[in-house]
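Presented below are the structures under discussion, each in the form of structure tokens.
The following pair of complexes shares a single chain, chain A, combined with chain B in the former and chain C in the latter.
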Partner chain A sequence: MPSLGADMDAGTVVEWAVAPGDHVHRGDLVAAVETEKSVIDVECFEDGVVERLLVPVGTKVAVGTPLAVIAPEGATPAPTPAPTPALTPAPAPAAGTPERDGAASLPRATPPVRRFAERLGLDVARLPGTGPHGTVTHADVRAAASTGTTARTDTTDTTDTTDTTVPSPTPTVPPAAPAERPRITPYARRLAAERGTPPEALRPGADGVVRARDVPAGTGATPTRTPRPTPQPTRPTTPPSPRPAAQGMRAAIAARMTRSLAIPQYHVDSVLELGAPLDRLREVNRRLPVSERIVPAALLLHATARAARRVPELNGHWVDDTLVPATTVALGVVVSLRGGGLLVPTIPAADELTLSELMAALRDVVARARTGRLRTSDAADAGLTVTDLGETGGHSVHGRIFPPQVALVGFGAVVRRPWAEGDLLGVRPTVTATLTGDHRATDGVVGGRFLHAIDDVLHDTEEWS
Partner chain B sequence: MSAVTSAAAPGTELPPGRMTYREALRESLREALRGDERVFVMGEDVGRYGGCFAVTLGLLEEFGPERVRDTPLSESAFVGAGIGAALGGMRPVVEIMTVNFSLLALDQILNNAATLAHMSGGQLAVPLVVRMTTGAGRQLAAQHSHSLEGWYAHIPGLRIVAPATVADARGMLAPALASPDPVLLFEHAGLYASEGEVDDTPVALDGAAVRRPGEDVTLVTYGGMLPTALAAAEALEAGGIAAEVVDLRSLRPLDEATVLASVRRTHRLVVVDEGWRSGSLAAEVAARVAEQAFYDLDAPPERVCSAEVPVPYAAHLERAARPAVDDVVAAARRTVG
Partner chain C sequence: MIPADAPTARDEAARALVRAGLARIAPGPDLDALEDTADLRDALELDSLDFLAFVEQLSRTTGVRIEEDDYPRLRTVASAAAFLTAAGVP
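And then the complex of A and B:
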């Protein structure tokens, strides 16, 4: 279980995107983990073959707990070891819903979901189900289609993993979905699964519907051959739902901000004149396609990252009564969510990005935060956080430090104000920059220097590239 | 409200243990009046006239005007009086001529009878029994022929029972009177003359009954549609289809366990309900089966209900509006495919 934030102690695996036998590469998304704040996709840092999944879906484990075993490429796929207990779902399914006769272990899906899966060339029988009683939902199919693992009908057969046989690479269904499949009643489909008849082998009756009587009788010897104990590890005890996550996010913000209260903080602010920088930004944007245009927020973020290079005392963590300076400028960016709450993804090495690179990184991370699909790398520990109220916000923001960081930079809305230039008065676009500092680590003068550095960078055309 | 039909003559001679539905109801009332002095009967024309369907015929003479009371034509007033009497410790059996007229007493039934136990935190019980006639088939036209028991089955706090057999007509009143909750007992107008065996087996108020076993399709029905469903099962058998007929008997609470067990055996469901299809009890049964036995279904559930018109007066139109044996047979055949 990776640490997806400085204050994360534990996380819940809500989805496995891989199954034993899958080949994975560095950077692949292998699982989704729910923290107090959101669901985050976990990337893999190794190349190899997934040998075992150690933590079933729905289980909360401490940071540092191994989640899966990845064997080096080539070392496997020798006979898969018998599944460890970890493979079977540890907790019982939703309380108070006793499973019924024989159907208990069957993966099931409603007809529209099944058809949807067939269109995508997926076999619902091999998809992990997160619906009631482990049924496969529309979202499960979508997720499987996007991760492209576990269930594609033309990949290795996972149905027999418990039989300790070698996963057969024989495709059971051609990857391209057949144009027209007969309609199969729910009961007929269940019977076919119980008797080991693949759905594509079923022939409909006169009315084009496959009913129970159209399912060939079993081989007699094994009338109820227990079918596939399909990738069951992926049945969560509680399906991930946005609501509890939102409450968890609120609780996480509350906890963190309450901890922040214990920090002796100082505030410095400064009005920055943006006339020349915004003129220049307009020039730059004129040459860019609309989709790549740079917003003022990126300009301010960029200036902050470069300023952190010039004044390094505010970029780091306060650990054991000591300032531990950060070695790179990993910038936390406060992203407010439309439904309320906020997330603080990190832009790593932000000071090394050009202005347009930083704009791209910002656009990317905001989109992922707002769709609840942040990645491990987005959750890297930031050394300094920026909050920008944007156009519709107030004139200034005096935020609170995110422990264990030692400073928070805030920007209000860009507003036009009277501005003295020498003895003359003009109207210029301005922004109020604020700095909240941890007084244990630094003093107000450092904060002031930092705001000056931002101003310098904004007006230093060399810095833009 | 008008009296609908003339009182029929009391039952002609039947072998011992065999009686009509009407007589069975009368016997159950007689037994209750004899066995418990708190019991009294009240309603329009129940005394001197003997009941518009002759259920109470002879009871006034036997038990006197204190216990068999004719009321003015005001459903709200006499159902309300029944609720008051029940709260006061009596065991009233109120008769409403037809379910159509019961709508005048809906306020009393829903806002008082059904709620008082809950609103008093269990301090008050309303051990009231309301009997009423339901259903079409006797050319009594729209204002006397509707099947509105499904509406009442929507209401928490009530028990709704619909005896479909003579034995149930005989056996349901005693447990209804013993229940602390208000019980609405629906008697289908088409059943009064039906004959059947009666024994002394006590009848439970909340269990469905399998009236005919079969393994190909489940016909779920109740009340006046039971004979139709049984006749359909007979016809289906001639075509080689074994239909199981489940009589719900209690519409609230619904014995869904019996229905689900049957559907899990047969994998096919046809609900036969004289109510209108939209928002009907048939819809409730079909929904529960779809919710809880979806993966056991080998065909979409079917519903055979009344046409969505006020029940017509003309005999051929009335016949066309009600679920007929052929409709049930056709629906069952569709499920079998």
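And then the complex of A and C:
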């Protein structure tokens, strides 16, 4: 069980995306693990062949517990294979995994092929396989996709004619929503049955697959409100009731913030003028495709990451009455969720990213947080956290430190304010930046220096690349 | 299929395009209840990333390049539809 982020010392395996015999590669999503706050996809961190799964679905184990045994590629199954902590969630195979089928001792396809098929809306279990031992190959999937065979993941679905063959969320232009029954993982299907939720009331996540987290708690058909590509087939007639996951999240936030209360904290703030940086951003965006456009929030995050390099005293952890400076700038980003609650995924080595790269990282991690598909790499420990209220939020935010970190940076909305330049008064876009510091580790002067560093980076055009 | 000389139908189609774009970003009861003249960012609580995703979506489905300077014209479903029809969509 890989690290699941600060304060999470255990997790429950809710899905296995691989079975013994599967070839896996570093970065593959091999399992999904549920914590009090969210479901996290576990990334495999080595190449090899899955030999054994050690932790059955539904079992809660501590961080550090081996989840599976992975033998090196090409090796004969060794008696003492290396335990593999996995890191990221794997798109679960569609219904009909080997373990469920019972009969199949060999996997029908490798995880990459399975994912490829899944992207195309096909289920490898229903495809003819031409590989060794009847396994399904890339070519088989391609062939099936091009001939439009009936091997759709959901065989009960006869109206599914759109979207599933499209790899990316390409919109269908006609606004009329196709009636589409989503794919569902075995675990989610079982949960739904246990909870008495009819399958047609289930709504898939952003990837079009119904997973455990998409199954509403309790008995009513009150689908959770996750962003999803198609309008829901059925609408709840009652407001969604709080889910246990949401309650768990509130409890986790409460516990962490209460712990933060024990830290002697100081606050400094500064109004930063953004006229030139935003003009420049507009110029940059004019030359970029819409999909690569950069939002001001990314600019502020980027400046914070670079500032953390200039003022390293605020990037680290307070451990045993000592400041342990971080060796890289792993930036925690507070992401508010639709329907309440928040998650704080991490952008690793944020100071080494160009502005464009940081924007891409931000988009990806926010999307994963909002669809409940964070990966273990997103759950890495941050050395410093940023909260940004966004363009329609309040003007300033004085947040609390996330222990064991020693600082938190906050940005309010970008607002136009009167601004003195020399003896002249003008109107400029500005943002109020705040810094909450752990007074045991640093003093207010360091916090002030940090805010100045952010300002410097914002106005330093060489920092943008 | 929509006659070019039917402005009302065109406007309806444009609004449907806008709503379809929003449905990809923020589906749910809030969208169903969204008035054509309501500020959609406020009503749907879209942050800058959400709004960018909406713009990208709309741009892709309509083929219209939407500049940041055009964002104020996307404030409501009605104004966004007017922007699209002015750009020749649908």
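Basically, the second predicted complex is superposed on the first by the 298 of 465 C-alpha atoms of A that agree within 3 Å, B and C clash if a C-alpha of one lies under 4 Å from a C-alpha of the other, contacts with A are read in each partner's own complex, and residues count from 1 in each chain.
Going forward, contacts are C-beta pairs under 8 Å (C-beta built on N, C-alpha and C of every residue); 3 or more make two chains touch, one makes a residue touch a chain.
Since the model is a prediction, treat every value here as computed from it, not as a measurement.
In the superposed model, A:P296 makes contact with chain C only, not with chain B. When both complexes are overlaid on chain A, the residue A:R363 reaches chain C alone and has no touch with chain B.
Applying the stated contact rule after C-alpha superposition, one finds that A:H267 touches neither chain B nor chain C. Contacts of A:R280 after superposition: neither chain B nor chain C is touched. Looking at the shared chain after the overlay, A:R428 reaches neither chain B nor chain C. Note on chain A: of its two partners chain C and chain B, the one contacting more of its residues is C. Note: no residue of chain A belongs to the chain B contact set and to the chain C contact set alike, using the contact criterion stated above. Within the complex formed with chain A, the chain B residues making contact are 264, 267, 294-299, 337.
Across the complex, chain C is touched by residues 169-171, 173-175, 177, 225, 227-232, 235, 282, 285-286, 290-291, 293, 295-297, 336, 338, 362-363, 366, 390-392 of chain A. Against chain A, in their complex, chain C makes its touches with residues 16-17, 19-21, 23-29, 32, 41-42, 45, 47-49, 52, 55-57, 59-61, 65-69. On chain A, the positions that touch chain B within their shared complex are 100-101, 103, 106, 108, 110, 185-190, 205, 207, 209, 211-212.
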